[in-house]
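Each of the next two complexes has subunit A plus one other chain: subunit B in the first, subunit C in the second.
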Partner chain A sequence: MRALGYIYLVAIFAFIFLPVIVLVLFSFQAGRLPVPPFDGPSLKWYAEVLNDRGLMEALRNSLFVALVSSSIALMLGFLAAQGLARVRLPGSVVMRGLLIAPMTVSYLIIALGLLSLFNGLGFRPSLWATGIGHVVINLPLCFAILFAAMGDHQKNAERAARDLGASELQVVALVTAPMLKPALLAAFFLSITFSWDEFIIAFLLTRFDVTLPVEIWSMLRSGLSPATNAIGSLVFLVSIVILIILELTVFRKSKS
Partner chain B sequence: MSSIERSERRTAFAFVAPALLWTLAFFLVPFGAMVLLSLAHLEGREIVQAYDLGNYIKIFTDPSLLKGIFVSLEITMTVTVISVLLAWPLAWIIATQVPARYQRLAIMLAVLPFWTSYVVRSYAWALVLGQNGVLMQWLIGIGLLDAPIQIMATRAATIIGFVHFFVMLLTLTIYANLIQLSPNYARAAADLGASGWQTLRLVILPLTLPGIMTGAFLTFVLCIGDYITPQILGGNNELSMPQLIMLQLGRRGDFPMASALSVVLMALVTLAYAATARWLKMDRV
Partner chain C sequence: MTADVALQSISQSFGTFRALDNIDLSFGAGEFVVLLGPSGCGKSTLLFILGGFLSPSRGTVKIGGRDMDGVAPRNRPTTTMFQDYALFPHMTLRDNVGFGLRMKGMGRAARNAKADDMLDLVGLCDKAGRKPHELSGGQRQRVALARALAVDPDVLLLDEPLGALDLKLRRQMQDELKTIQRKVGTTFVHVTHDQEEAMAIADRIVVMNHGKVEDFGVPEDIYLRPKTLFTANFMGDINRIPAELVSAQARVVHGVRPENVGLKGDIALGPARLESAAFFGTYHRCHFRSADDRSTPYVAHLALGDLPAVDAIVPLFASHVVALRETA
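Up next is the complex of A and B:
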């Protein structure tokens, strides 16, 4: 039984890792096509993508949209969770439902809705429009994570601080935020990941300044190339490094 | 109600208001605008509001549009079923057969490809499945095939790409469910004379229904609304709903029809939610 289990484990891990291995391996291809036989290793495609103006511009745009939209989503989500966790408001179930609702709607529909609204108002597609869309998809996530992390324990500490004369701002900055640090960081980095990787909203709501996934998409149109492997592998590497740093700092500490 | 309570409530509401306003302005209002637009028509290059159901009637009578609904539903159902069947054993093996201190590592490895970009992941599958790709060369190399067979630009390629992604997602939700189960369930079943297989099928499996259903619902929502995977891997031989929506937007500029198709897509997701709602525990994942 145990042996059978391990065989299954190996087989399914092979399936899960196959595209990643192919992606990374053929980013070191020397020839023009990322298909066997492998004739590398060569770093020329990495040099090419790092010198590609459009690609690096898109990378900066993506970073900008991800940071701004995640910060706004985190702030709005934090305030909402703080408000709803504190007292029982009339209609709090409806409010919670409304805040969570965008999570169950396809990104394509959110994008199309925003496109109809912006067209109607005469707003041009831009990185800002994309950022607005990314706040819409990340706000429910931030709210849900932070709302789940708020407990009586923290409510009591806040009440104590207030009784001792702390202002509302001091309570939030000196008591609530430090107590919720792991949840805040988790929500923030998840939001950054989702925004950074999001395609359809960015595709429909940007025109001249595009984000990285949109730029990669247009690279695909010109056919298979090890350059696409190289930029894909670089993005993967950066994500893994961030993940390891988070795992070793934030989450290790929060467990102990 | 005391005045302190009232001021507490006012403060709390002031905290919630910005998020509510944002959701209202950039989610509910746009959605309303889209529904309104779905009742209009494209005449020449102009969009004319008609407040009728013409687009919806067309979706259900025009074979090329109606087919999109079935293509999307078939792909999504197939993907959901295959992904659950592959992910459950994986989650179970990690939760019960892998030593406790390696479990976190095993789960992190099982979802590692999540951290590649979504567009790039579909592209990587195109490399694997192509005519000259790794898979065909390997199958020919070991003598299983004489010549490459066509997988790219077929439904099979779309399904493989999707299953890869959703096996990772479902493994997470099912694993999260499995490790919350007390070992006493299995012990009690064994004490009462159940065999290992009976325990698994009659006790453990039903207890993981919330994890399965939560993952399956997420799979359904994400799969049926995805444009990238069918476009890159499936090609243009048969079009899923998101591909049809993008086609209306792009080449035809038919914004009202794209909106109507989106409303239908949304209705399908709502139906899936209604069907799985009693098992869903979204807050646990």
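Up next is the complex of A and C:
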């Protein structure tokens, strides 16, 4: 029975990670095709990828869109959560529902909606349009995480700060934000990873300047190459780095 | 610093619920006042009105003679010590205590020195660099007190600050609160539902019920000479004496505390049968029932050695009988 358990454990991790391992392994392929037999290791595809101006441009675009859209989504989500947690308004529940609703809509539908809206407004597809799309998908996430993290405990500390002479701005800067730091970081980094990986909105809402997933997709159209494995491995590496930062900064602290 | 407080015809309604009904009170500068009453009597509402977290539906609050209408909590000469302490979890004790001074624009060195003085006052100067989660409940409570006093308020408001502590720690903190209040001279307004706590710390007690003031006075008067039946009942056991035994007045009942019922006294209650008795260390708590056809129940605290046998019929007497109004 014990052996069966271990076999199951190995099988499930193999199932999850085998595709990634294959991807990373064949990024070190020396030949022209990322298929067995493995004839590496070689770093030549990494060299090619890093010297590809189009790819590097797309990588910078992706980072830019991720950072800017996540910052905006975080700020709007924080303000909405703070407002709805502190002030009792008529229809609070409905407003909360409407704010979270976009999470349940498929990215394709959101992308199509934004595409036709922007067309109607005469707003050309661009990185900015993609950024707006990413704010649409990440704002509900930031709102939900931050709203859940705000409790009575926090409300009382804010009241105490006001009692001791803090202005509203000081309350937010010195009490609310520091107390919510783990939730703020979690929301921000999750937004960055979602924006970084997002393809369909970026595909429909960009034209000349594209993000990395769109660039990789157009590389794939000209057939398999270890170069796509190499860029895929780099993207994976970035995600891992973000995850490790998150683990070290946010989750460790929230435990204590 | 310190200031007197005047509440003039304060009323507060929440929808159709009348939380406070025409409250008139005034406290002297440097007084330790306790607002006492059962939950829902409006004592916390009154405290929040003093702190500026609520504005009353009607009436005026004056602190040091100054009308507080429209003055936000941050601009009032009051600070509040909240029920759950509301310490800032991400700051050290020193930064917690210095927060109010920082808001006043005091420089870091000066406010750290003041914060350390305040922590010294509450006996926590060796823990200035710790965070609140490293402290026990009683210690957190002291930090909250130091933080509220650091800004030299004229009036300190305490919202059931000892409610979360166990009994022994609570009695100890009561003594400390009283000592610190004497030292700083600030007017303290303290809310509680514990009548022993109120008697232990108050200069004067305000007894509240259903949004009204039932009684207001020094602890001795509140306990020994309560004005209303509610106050008498709330402050401890009270025996009602049948009207025929004393000179009867309309809308007044006569009561006597168990410790003033005994085998001798001023007013004869007639023969009574001892139904049960329990030993309480310094006295016997006895349940009597009068042997006449009224069979009035009496509770008496008899001195050690005075205990009759159970079922014995003895003559009972009362002294220090008080006349009580049915309502305020």
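Descriptive notes on the structure:
Operating definition for what follows: the second predicted complex is superposed on the first by the 254 of 256 C-alpha atoms of A that agree within 3 Å, B and C clash if a C-alpha of one lies under 4 Å from a C-alpha of the other, contacts with A are read in each partner's own complex, and residues count from 1 in each chain.
Keep in mind that, in the parts below, a contact is a pair of C-beta atoms (placed from the backbone, for glycine too) under 8 Å apart; a residue touches a chain by one contact, two chains touch by 3 or more.
Because the structure is predicted, anything quoted here is derived from the model rather than measured.
Steric overlap between subunit B and subunit C is absent once the structures are superposed on subunit A; the two fit side by side.
Once chain A of one complex is fitted onto chain A of the other, the partner contacts of A:G120 are limited to subunit B, with no touch recorded for subunit C. In the superposition on chain A, A:I132 makes contact with subunit B only, not with subunit C.
With both structures placed on the common chain, the touch criterion links A:V175 to subunit C but leaves subunit B unconnected. When the two structures are aligned on the shared chain, A:L74 is found in touch with neither subunit B nor subunit C. More subunit A residues lie in contact with B than with the other chain of the pair subunit B and subunit C. In the superposed pair of complexes, A:A183 makes contact with neither subunit B nor subunit C.
Contacts of A:S167 after superposition on the shared chain: subunit C is touched, whereas subunit B is not. Aligning the two complexes via chain A yields an angle of 100° at the C-alpha centre of subunit A, spanning the centres of subunit B and subunit C, rounded to a multiple of 10.
Applying the stated contact rule after C-alpha superposition, one finds that A:A157 touches subunit C and leaves subunit B untouched. This overlay, made by fitting chain A, leaves subunit B and subunit C with a least C-alpha separation of 7 Å.
Judged by the document's definition of touching, no subunit A residue lies at the interface with subunit B and also at the interface with subunit C. In the complex of the two chains, the subunit B residues touching subunit A come out as 5, 8-9, 11-16, 18-20, 22-24, 26-31, 33-34, 37, 86, 89-90, 93-94, 97-98, 108-110, 112-113, 115-121, 123-128, 130, 132-134, 137, 164, 167-168, 196, 221-222, 224-228, 232, 242, 245, 249, 255, 258-259, 262, 265-266, 269, 273, 282-283. Residues 51, 53, 72-75, 78-80, 82, 84, 86-90, 99-100, 103-104, 147-148, 151 of subunit C are the ones that touch subunit A when the two sit in their complex. Only residues 153, 156-157, 159-167, 170, 174-175, 178-179, 181 of subunit A touch subunit C when the two sit together in their complex. Those residues of subunit A whose C-beta lies close enough to touch subunit B in the complex are 1-2, 5-6, 8-9, 12-13, 15-20, 22-23, 26, 33-36, 76-77, 79-80, 82-84, 86-87, 89, 95, 98-110, 112-114, 116-117, 119-120, 132-133, 135-136, 139, 143-144, 148, 168, 193, 197, 199-200, 204, 212-213, 216-217, 220, 224, 228-229, 231-232, 235-236, 239-240, 243, 247.
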